[in-house]
Amino acid sequence: MIPAQFDYKAPATLDEAVALLNSDLDGAKILAGGHSLIPAMKLRLAQPQLLVDIARIKSLAYIREEGDQILIGATTTHYQLESSDLLKQICPLLPECAKSIGDVQVRNKGTIGGSIAHSDPAGDWPAAVLALDADLVLVGPNGERTVKAENFFVDLLTTDLQPGEILREIRIKKPSGKFGHAYQKVPHPASGFAVVGVAVNLTLNDDRSCKSAGIGITGVGVKAYRAKAVETALAGTTLDDNAVGAAVTHVCDGIDPNADLYASSDYRCHLAQVHTRRAIQAAKARVQ
Amino acid sequence: MTNNYVGKRVKRTEDPRLIRGLAHYVDDISLPNTLHVAFVRSIYAHAKINSIDTSAALAAPGVVAVYTGKDVADKIGPVPCAGALPDLKVPDHRVLAKDKVYFVGHPIAAVVAKDRYAARDAVDLVMVDYEDLPVVTDVEAAAAGGPVIHDSFSDNIAYRLTSGEGDIDAAFAAADRTVKQRILHRRLAPIAMEPRGVLARYFPGEEELTIWSSTQIPHLMRTQVALMIGIPENKLRVITPEVGGGFGSKLNVYSEEALLGWISMQLGKPVKWIETRRENIQATIHGRGQVGDIEVAIKNDGTVLGLRYSVFADMGAYHQLLTPAIPTLTGLMLSGAYRIPAIQMNITACFTNKMATDAYRGAGRPEATYVVERAFDLVAAELGMDPAEVRRKNFPAASEFPFHTATGLDYDSGDYETALNKAQEIAGYAALREEQKKAREEGRLIGIGVSTYVEICALGPSQAMPAGGWESATVRIEPTGKVTVLTGASPHGQGQETSFAQIAADELGVKINDVTVIHGDTGVVQYGIGTFGSRATAVGGTAVFVAIQKLKEKAHKIATHMLQADATRVSFEGGKYSLQAAAAASATGTSEPVVPVAEAPAAALPEPQTEGKTSLTIQDIALAAHIAKELPPDTEPGLSATYFFEPKNFTFPFGTHICVVEVDRETGDIKFLRYVAVDDCGKVINPMLVDGQVHGGIVQSIGQAMFEEVVYDEQGQLVTGTLMDYAVPRASHVPNFELDRTETPSPVNPLGVKGVGEAGTIGATPAIVGAIVDALAPFGVKHLDMPIKPENVWRIINGH
Amino acid sequence: MKKAINLNVNGVSRTDEVEPRMLLVHYLRDILELTGTHVGCETSLCGACTVMLDGQAVKSCTVFAVQADGGNVTTIEGLAKNGELHPVQEGFWEKHGLQCGYCTPGMIVTAAQLLDRNADPSREEICHGLEGNLCRCTGYQHIIEAVQYAAKKAGQA
Amino acid sequence: MKLEGSHELNAPRERVYQCLVSPEVLQRCIPGCERLEQTAENTFAATIRTGVGSIKGVFNGTARLEDLREPEHLRLVVDGKGAPGFLKGAGDLDLASTETGTKVTYAADVQVGGTIASVGQRMIQGTAKMMAAQFFTSLAAEAETAVGEPPPQHGFFRTALRWFSGWATKTLRKIFKPQKGT
C-alpha cells in the first residue's frame, strides 16, 4: 500500500521534463496519470528514485485537428477522449475504446500517453492506436522522432521508447471516406483489463467492399499487435459472413496466446476470433 | 404492543453518520503518539526459519521495536480454537511463527514505528533466512500422507467424524437407483470491504488496556485475548467501533489482536495495525474448502431414501476459532428441505499449507445446501423429472413440524411447498419451461435453476455452541425518558441500531428517535456473544424484547402504585399505563389526555405530577423511578432490566430461489435473465433490511458460482493475492432481483423471527449453478464445479 | 525531501509539507483527519477512497498528495451543503443503499459524478458508472435504486 | 510454472554447449545478470537485476549445472531471492544437431514466490517467455561469434550505450546551449 521513497519534480515544460528524466536514467520515471505506475509502486514492484510529473504541463493535453491528422497530447485523459464530441464525429474508435477502460475514476485520471508508454499487454489504447496506424511522437535529449505504433510495441511492457525519451503526442490520420470503427472487449471480472480487446478500423470502397482494415488486438499476446493476416484476408472482400469468418481464424497467427486463471491460451484465441468477427461486423454496420 | 415500527420499512438510524463520512471505523480513530505496526509475513508456504536478522530494521529511522516469534513465545498464549471434537488435533498456534512457517502470509515479525510509512519501510529490512520444506496444498493429498505439516502429529488428519441417523446401508440396499457426484467447494475470501484493524492503548498506571478491533465478537475476543496475554479480563476493554463488514471473517480471535495489545503494554503507547488487502487475502480466514462425494439412494418415483456425503475438509495450517466446527455444520444440514430417512456424513478434516478456513457467510451450511440441491437436480435428471417436482415430492408437509431430521435436528416450523409455489408463480415457471423448450429449438441455451433450501439460524442453544449461544440485552429508560438498549449482538452492517430500536419503540410505545442502541463496547455493554450465524435478531432481538417485558413488569408495578389502583386495573397501551375505564372514572372522574412530562423542556428534572391522573407514560414512570420518592415499598430505584436469552432450539428459515440464465454458445458467457427469490425468515422486523440481506447474500453466491476462488499453486503460493485476480462481483455482474416472502413464524422465540443474514449465500448458489447446468443439458452435462467461468461453458458446448 | 502543497479541501484552504510518496488518501485521513474517505484495497480497484479532485472522481489511493497540489478536493464530508444532504446521500438513506457503510463514501462520490455527467441514467449506465466501486454487502440493487432516486430528486429540484 | 520451448541456433552443437557451461557467456546471456561467480564446481553465485518495464527487482542466489552430458544435455538449477520475492527452478536443456546448427529444447519448472507470485498472475508467464527469448537470442549471438572474437553486445550493453548517448547528448547540449525552437 505504501510506496518506497522517491523525489518528485513537476516541470513546467517538456524540455525540462526531458532534462530531468535524463538526469537519472536509471532511477527517474515519467508520471502522467499514474494509473499504471502508482499501483506498481504501492506493491513496491516499481521503486523509482525520481518521478517527473508531466501532467502539469498543460500544453501536453489536447485533442485537435491539423490538416488530415488528429493530434492527441500524451497527457490527455481517457475521459477527455471518451467525452470528446470532435472525436465522436471524426474518429469514434477512440471514444469507444476510452469508454471501456477501467472505470470512471481511472478514466478521469489515467492518460492515453501513460497507457501507451506502459504498454500493458492487456491495455486498451495500444489496440486502438495499432488499428488506426497511429504515429507516436517521442521526444528525447536528441530531439524528436516519430515511430509507427506498429513498431512501437516491442515486448511485454517494453516499447521502443529509449531511456530518456518521453511520448509526447499521438498522431492519427483522420479516417475518411466510408469508414466504420468498433472496439470490442472482454474485461477480466476482477481487474477489468482486457482478456481480449479488439479495435477495428474499417474502410470500404464505393461498392462497399473492404478497402482496408486496421485491426489491433490486445490481451492476447505479450504485447498488443496488429492482426495483419486478418487485415490482408479481409481486403477486397465484401465482408460477408464467410469472408469475415475465414479471415478471423488468422487472428492469433504467429502469437503464443496468454494463459491465466480466467482464460487458457486456446480459449483466449477463440475469444479473439469471435470478438474480432463481432467487431468487424459492428464496424461494417456503422459505415455511413 | 403497538406496531408503529415493527414490520415496517423504517429508514436506518445509523445511516446519517455513514453517508456523511462521519462514522468511525478503527483506522479513523487517532490517538496521540500512536505507533504503527507492520508485519513481516512468510513468502513460503512451508519453511524452516534458520534465522531472522532485525538489525537493519531496528536501525531504520522511526523504528521503535521489532518483535519476532522468539520474543513472544513464552509471553503470549496460543491463538484459540473453540472446536470441541473428539480426538481433535490442535496445533500449537502462536501469534508469530517461531521455528517454522506453515502458510504464505504467516506472520513472522512485527515492526513498530512512528508512522505507517516508516513501519512499512522497515519490513523490507528484516532479513529472514528460510529453508523451504515440502508443501502440501491438496486436501486429499494431505489425507493420503504427504509431507506432515506439524511435527507434533504423525499425520495431517485433524479429525475424522461420522454423523447421521437412520440405517444408511438399508436405505441404499432398498434403492431402485443411486446417483453420485463429486463436488468441489473452492476456498473463498470473505473480503469485507473494511480489512481488519486493531488499535490498542495501555495505561500503565491504571493497568488498563483498551483494544479497538474490527470484530464481530467483542466480548468473546476480550475473554480470549485476556487469557492470551495474561491481563485480568476486567482490565481489558474491547471496543468495536463501526465495523465495515465481516461475513464471518471477523468472528474470530486473531494473532494481531493479542499481539497489538501486548505490544502496547510493552511500549506504554497506543499501537495501531491496519490490514492491507493483500494481508487480508493471505491471513484472514477463508471460507468453504471442501471436496466431497455425495451419494443418494432413490426410488424410481423420486422418493429419496438415503443420502451419504463423504468429505475432505481443508482446515489450512492451523485452526482458527471455529475452523474444525465448520464441516460439522455441513453435516447438520444435509437433510435440506426434505424428508430423508437415513443420512450419513463422513468428515476427514486435514491440515494443508494454507491459511485456515473458518466461518464465511453460511459457514458449512452453504456446502450442505449446495450438495443436497445438486443431488436433487441429479436425481431429477436421472429420472427425467422436473427438478421442482422431485423437491416437492420429498418435502415434509407444513403439518409435520416440528420435523425431526436424520441429521438429529428438529426443524422449528416450515411450509416449504408454499414458498416453492409462490416462487414458481412469480417466475411463471411453467411458461419459462415452455420458453426454454422453444429457445432450445432455436438453438438458444436457456437454463432454469431451482433451489429449495433450509438453513439453520439463530445460533443457537448453548448446548450446541462452543462458547455460549445465548444473547444479552439491557434496556434502560433514562430519567429524561430516553431509552437505551445495550445489546451484546454487536453488528457490522446489519442495522441492529434500527431493528432493535423498532422492537424497543413498539414495545415501550415511544418514538424510535428516543431509542439509542449501544453495542460493541465491553466497557459499557454487559457480556454478549456477537453477531454471526443469522442470530442477531432471533437471539439478540429476543433478549431485547424479553428485557423490555421485565422492565415493563417493574414499570407496571410503579404505575399501579402511582395511579393508586389495583394492579389488574392498570393496562399498558400506546406507551401509557392507564386505568381501565371504569376504574379511571371512579378514581378521578375525568379522562383528559395527559401531556407526557418527559417531553416538556426543563432545565432541572421536573417532578412527576400524578395527582388526579388516569394514565402515565412509561417515560413518566422512568422519571419517577429515578427520583424514587413515589415508589412502591421494596422497589429498587431506576428503570432498567437485563436479560440473557437462551434459545431452546435453532430456527430454520427456508425458501425457494429460481434463477434463469442464457449462455452464449460462442463465448460461453453467462447472462442472467431472471432471479426470483422467495424467502421465509419468520416474522420480519424491517422488510427493507431483510431485502438488503437477501440481495447481498445472493450476490456473494453469484461471486462463488461464477468468479471467486482463492487459488494456491502447488507450492502453496497464493496466486489470487489481490483484487486484480480475486474477482468480487461488481454492479454490472448482477441481475435485478425479484424478491418476495412467505411468513412462517418461529415458535422458538416470542418475536417469531428466524434470521436472514445467510439466506442468500445458502439458497442461491444451487439455483445459479442449476440454471447454468440446465442450460447445458442438451450437451449431456449434469454437473459443473464452481466457479463456472465462460471457458468451462465454452468447453462443454464445443466438446473440448 | 518534503514538498509544500496548497490545496482547497471542502472549501478550506490547506497548506502542508508532505513526503512526495504520501498518497492523497493518507493526506486527507491522517493529516486533515477527514476519515470519511476509506481505503479498501491496494490495487486501485475498490473505489472506497474516491474523492472529487477538480470536479472529477478519482481514487485518492492512486494519487500522490503532491499531484493534487493547487487542486480542489471534495470529500464525502464536503458533499452536504449547509447541512442539507446531497441528493445521492439522501437516496442512499432512503433506499437502504448501504449496510456496513465502508464503501459508501466512495460510492456516493462516484454516483454524484455519474449524475453530474448524466442526469437521467439507465440501470445499465448506473452499473457502468459504478464499475470502479465494490460493495460486498448490498448486492448493488439498493445502490442502483438509490442513484435512481437521487436522479429523480435532482431532476425535480 | 512450466516453461517449454525450443530455439534454433546457427552454430554447431559443441559450440552451443560450451557457451551454456561458460560462466562468462552465461553472465552475458542471462538478462540483467550483474554477477556470476563460481563458488564450487559447476556452482555459481549470481546477482540478477532484472524486470520488465518499470517493474524491477534484484535477485541474489545460486545457479548450478547438473547432469552434464556434453554435448547433448545439461540441467540448470537456480535459486534466487530478492525484495519482490523468490525464484526457484530447474530446467533441462537438450541440444540436437540440425542442418543449420543446433536446436535447443528446454523444459523447466519454475516456482515463483512472494509479491511477484501473489500480484503478478497476469504477467509472470509473459515475463518468463520474454526472458527465455532474450536469453536464447543472446546465446545465439554468442554461439555464432567465433571463439576469440570480442563478445557480442546484448541488452545490457545496448542499454548502457543508450544511456551513455543520452548523457553525452545532454552534456553536449549544455556545452553548446542550443537555441529553443530548433
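Order as written gives the chain letters A, B, C and D; numbering starts at 1 within each chain.
Definition applied: a contact is a pair of C-beta atoms (placed from the backbone, for glycine too) under 8 Å apart; a residue touches a chain by one contact, two chains touch by 3 or more.
None of the values given here were measured: they were computed from a predicted structure.
A count of C-beta contacts for the chain pairs B-C and B-D puts B-C on top.
Here the spacing of chain A and chain C, counted between their Cα centres, is 28 Å.
As a whole-number value, the distance joining the C-alpha centres of chain B and chain D reads 52 Å.
One inter-chain figure worth recording: chain A and chain B are separated by 45 Å, centre to centre, where each centre is the mean of the chain's CA atoms.
Annotation for chain A: residues touching 2 or more other chains are 1-2, 4-5, 43-44, 190-191, 261. Residues of chain B in contact with two or more other chains: 116-117, 124, 276-278, 719-720, 722-725, 728-730. Across the assembly, chain C contributes residues 19, 21, 39, 42-43, 45, 131, 133 that each touch 2 or more other chains. Chain pairs that touch one another are A-B, A-C, A-D, B-C, B-D. Chain C meets chain A in the complex at residues 1, 3, 19-21, 23, 39, 42-45, 47, 50, 53, 56-59, 61-64, 66-67, 69, 110, 113-114, 117, 129, 131-133.
Only residues 1, 83, 85-86, 88, 111-115, 117-119, 121-122 of chain D touch chain B when the two sit together in their complex.
Listing the residues of chain A that touch chain D in their complex gives 15, 19, 22, 25-26, 29, 36-37, 40, 43-48, 118-119, 121-122, 140-142, 155-158, 162-164, 191, 193, 222, 256, 258-261. The residues of chain B lying in touch with chain A in their complex are 116-117, 120-121, 124, 276-278, 666-668, 706-707, 709, 711, 719-720, 722-730, 733, 789-791, 794-795, 800. Put simply, chain A touches chain B in their complex at residues 1-2, 4-5, 43-44, 186, 188-191, 261-264, 266-267, 270-271, 274-275.
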